[in-house]
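Letters A, B, C and D mark the chains in the order given here, with residues in each chain numbered from 1 onward.
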Amino acid sequence: MTQTDDPRIGVFVCHCGHNIAGVVDVEAVAKMAESLPNVVFSCDEMFMCSDAGQQLIRDKIEEHNLNRVVVASCSPRMHEPTFRRVVEEAGVNRYLFDQVNLREHVSWCHTRQPEAATEKAKDLVKMSVARARVLEDLPIKTVKVLATTLVVGGGIAGLRAALDIGDRGFDVLLVEKESELGGHVAKWTHLFPADESGAEVIKPLIKDVKAHKRITTLTNSKVIEFDGYIGNFEVTVENLKTEKKQKFDIGTVIVATGFIPFRPYGYFAYGESPDIVTLAELQELAPSDQLLKPSDGTPVKKIAFIGCVGSREPGVKGHEHCSRHCCAATAKAAADLREKIEEVLILYQDIRTYGKGHEEFYRLARRRHVIFSKFPRDAKPVVTVKNSEVHMSWRDVLADRELTFQPDLLVLATAMIPPEDIAETAKMFSLTRSGDGFFNPEHIKLAPLTTHTAGVMIAGASQAAKNASESVIDASGAAAKAVGLMAKGEVEIESTVSHVLSELCSSCHTCITVCPYGAINMDETVDPPVAFVTEAKCRGCGTCASACPSSAIIMYHSTDNQIMTMVEAYLCSPAQLEGGEPQ
Amino acid sequence: MDEVNTAANTNHVPSSNFAKEVEAMPGGADIAKCIQCGMCTASCMVASTTDKYRPRKLIQMILLGLREEVLSSDLPWLCMTCRMCEERCQENVNLAEIFHAVREIAAREGYIPPAFKNAIDVVLKDGWMLEDAYSDFIEDDRDDLGLDTDLSWNKKFVAKLKKKYFKGVFIK
Amino acid sequence: MTTVEKKEVQAKKEWEPQIVAFCCNWCSYAGADLAGTSRIQYPPNARIIRVNCTGRISPEFILASLEMGADGVLVSGCHPGDCHYSSGNLKLRARLTIMKMAIEQAGINPDRIRLQWASASEAQIFADGVTTIVEQVRALGPLRREWK
Amino acid sequence: MAKSIGNALIVGGGVAGMQAALDIAAQGFGVCIVERSPSIGGRMAMIDKTFPTLDCSACILTPKLSEVLRHPNITILTNSEVGSVSGKAGDYKVRILKKARYVDEEKCSGCGDCATECPVEVPSEFDQGLGFRKAIYVPFPQATPNVYTVDMDNCIMCNRCVKVCEREAIDLEMVDEIVEFDAGAIIVATGAQLFDVSAYPRLGYSLYDNVINAMEFERLVNAAGPTGGHLIRLSDGKVPMSIGFIQCVGARDVQKGVPYCSRICCMYSIKNAVMAMEHNPDAKVWVYYADIRAFGKGFEEFYEMAKARFGVRFLRGRVAEVMQGTHSGNLVVKVEDTETSEIRLIEHEMVIVSPGMIPPEGMSKLARKLGLPMTDDGYIKIEHSFFGPVATKDPGVFVCGMADGPKDIPDSVSAGSAAAMKATIILAKGEE
């Protein structure tokens, strides 16, 4: 197909069952689309994404010789890849497809205004058709994928991912900030659901990683620069001790930067007594036969745990999520400690022992006479420190009693929160973060391990609060994603990059200053020098195109014309577009 | 008997000792299994008729170690052993058995609700519960049916029992 | 009656603000998606145009939108520091600050332009943002009136 | 795409098995999915919306279905079961029983002319028996492969379908076949099934029309379901204004032999409660629970939203019994609010019992064929929570999804990818 072909546009309006059709008059939308310029076919259909729907698109492309396709359905963030593939199978360049979001942006958020929703749907379809008329085909580019994975973080997830990739026969560069591998798990004394200590679990992994000929481990190190694109990333790793910097070329990345336990200053007198510790701090106390009070070294006879500290707090940013591992971890620790301690209390809101073997810990703890007391959500226990003694008081909602307790040791099961430098990591790898502060997966349901940055995977607690066993599963899964790319050896990349029209360039250097990736340089071989884009470095943000004072930069697939024509389609009547007066 | 709620506002220090004590009694073994879901209360015939009795809450009071309060109240005595709660409990807690064990501890320490005590006193005295109601009419009926009208053997039997087992320990 | 005619009839009956909304793909467009999946309800006056980054938005887009009759323009992007492309949103912010001064001098109330940051998880902030610009513009009345 | 150099067998074509298949196939290995039912897709295909985003389940699943179907390295054997397995890691010989479908998969175009013609209507398994299908049918509109199947148990051999099929795809004489397959690794992704809640007569399921289970609710609110997405009562077609959800039924129940938590019921019920409010904002919706287990990414936030924005009411207490009124068909739920010690009798127009998950039918038979030990709960036993969370006793057999215990969709998908990773390590060794 060439650009001189007259646009022949097909419009497909999806019911999405009731999801769209229940609010938007899809038939009316499809009918309206028929009257739009260059539209040669328009219809509505139950599920466009189903096999039947996809076949319909392919059939109609052939039947009507369509060269542009507009599908009005759900968010393009979900199905753009699906439909791009469909049109491509029928011989239409993927960049000649455009999707209208009638579900997330119309029917679901204007449920009670069906008429206004239908008007909005019509406008959006008009805008998309207008854009489709001026879309241009772009070449499909593939790049090779280097057979090395960068694994960031040497905790249990990072170690597992590195081992799996190494065992599968690909090279791994494992970068760990600390001087030792092993992360949190290495320090923990009471792991669940197994009976091993963290050290017993992590040691064999570390040994295997160190012995593996395909795995290069850099401890005390940090990724300080990250550049390039899927399959061909260039990273700079700095040794934090020696400040020595090294550059590596890698193909894929797994970010397994994990979490930190929340240090709950301001909660339950934390910090006011050495005898108030977090669950993580308890886990890290040196193992001994008898648990000793941190303050005076005498044996702990009474211990209390408080759950959900810094977790499940509606409206408190970064602390709204459930930290997932603490209920089972607390039950396990309490059950383990109970036999040597006179009294163990767990104060909770809900007991979330959901996993394999977790309910058994809960039962075991109860059987060993750990006392469980549920406190009201709006009246948390009050903890004070008097004469270096810890006093707690709260109401047990289940017995409707005011209770007090003086534990020798108070353990706060605190939230898993992202490491302090997660914003930096997010920025480095262009990852987005969700409300809990952890990284967003590509899709929360069906793509939990990949991200919106092609070639960068996430695993373990860097994605959300998780326990060690779940992190191990994630790690192997993320490794599969990386290996999938490397085994194939090449991958298609987006052609949506910017391009300088050298005859219009006034050599002002503005684009060079605004480009965040250093993708634009001056071609000094011509006189006067003009700007040019290194496509492999360009990630398609388009900042240069809008900054260029000479309009010399085209942002492919997002040209000025392609954007403005949508605005026109929305605001101007057909008469106006022909040069008439506004209505 | 103390009213249960009088103790509600005094602060209590939780302890597992009472639960352990109950657990050591025959029938008390399952006390620690309770997760406080409330299935028992919602199934309980007695709880349906009085706001005072909540088997779930009573278990929690035992688990929190409210020993004196539980033993001195008449709550453990309100269970009528229909076992509907046991039939439904998803954690296999045998509440009727547990309350039976608690009653034994209570009785041992002299906590028996007057109604129960009076009933037992009557039985020990008369040999049966209904002597006051034994009227001429019933006597006639028994006679008509060819039954023995002299029921004093009840008394003798109880007197024997008393002598053999009770030795007058807790019967005033 | 054609759609256009219908619209004219409606326009005479009751004026509804027309809002052009530019959203970046990574934060605000996703936030708007989440508003949908979370079933958050907001006024149906805005038409979203998706761009990769708010940095792509040239001042001309906004000026032309107003010229073509938009009553207001909403620009929604990633929070400063969260930009998928590192800093496109900051460049947009700089441009917009200057542009607002310029349009004010041209006699257009700068409240017709709203810049907001809404991340992919901030569905409510996105929806509230749409509500705010619609209400602001509704209070100002149609832009055509301001032109005259 | 590299030539197929080693093969993996995947037992079960639900979302976990599909993910495993895609991740193995992406590395150039061959994959065969053996699925017992006529279509891949598993439980997720039946679900209306997914938590915590309220995404439409079919919408996010369908592209995956077609990706699997279209992948050159993946073979799908539906209507099939594993017959026998011999050999060891790297070299298994698998005999697969491919049951007669009575329709030629190559010839059938899924046009549906046969079903229109078929005179026999039977309750649809996919719609949980609430809707009907013909004796020749596809289980659901997006079925993959989109090929009809004759249900011989209900077929009356009238031959009308045979005559009407233009492609001559129907052959009622078709017989079962044995397919032999060499596999280097095997992944068990058999999923799980819902606990049969009629084992709790006190909750009234199967006794009262307006007590339904959660999967039936999914079909009732689904646009492609038997009511076209209208949430109505089965007894009288009334729109229920008050709905109760009962939690921990066939889950966390020592007496009924299901002591473990089923992980998904809290969240799917919150989601269903929100969907009920979404269908009818004036309805009153209650959830009766013992602990709300909203532990995954975005789950707690979703729970909070259900309370704060949708006004779903949550009451801590397990329901003892459900009683039905004599005339209205309304139901009364008896429950203790354990936070106030008050016994509540709450009237509902519809009650949804949320069943826990149990191992699928035939799990122990399959485990025997594969020589795998099982847990007390009847799932496949994993090797170790940390060293082999997707590994089994047999070094060439892996497990994902619900086959080793209940899981939600993201956890199943992660496990699917993880099992794929482990399987490809073995397949790649064979290649060397």
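The rule is short, and it goes like this: a residue touches a chain if its C-beta (ideal position, glycine included) is under 8 Å from a C-beta of that chain, and two chains touch if they have at least 3 such contacts.
Since we're looking at a predicted model, the values are computed, not measured.
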In terms of mean CA position, the chain most removed from subunit C is B
Comparing A-C with B-D, the one with more C-beta contacts is A-C
Per the C-alpha means, the centres of subunit A and subunit C lie apart by a whole-Å value of 26
Distance between the CA centroids of subunit B and subunit C (whole Å) is 73
Chain centres from averaged Cα atoms put subunit B and subunit D apart, in whole Å, by 49
Per the C-alpha means, the centres of subunit C and subunit D lie apart by a whole-Å value of 43
Residue numbers in subunit D touching two or more further chains are 53, 55, 252, 278, 338, 341
Going by residue number, subunit A touches two or more other chains at 103, 111, 351, 363, 398, 400, 434-435
Multi-chain contacts in subunit B, i.e. residues touching at least two other chains, fall at 35-36, 56-57, 91
So the touching chain pairs work out to A-B, A-C, A-D, B-D, C-D
In the complex, the residues of subunit D that touch subunit B are 202, 248, 252-256, 290, 316-321, 334-338, 341-343
Within the complex, subunit D is touched by subunit B residues 35-39, 41-43, 47-48, 51, 54, 56-57, 88-92
In the complex, subunit C touches subunit D at residues 34, 37-39
Subunit A residues touching subunit B in their complex are 343, 345, 351, 362-363, 366-374, 393, 396, 398-406
In the complex, the residues of subunit B that touch subunit A are 8-16, 19-20, 32-36, 56-57, 60-61, 63-66, 91
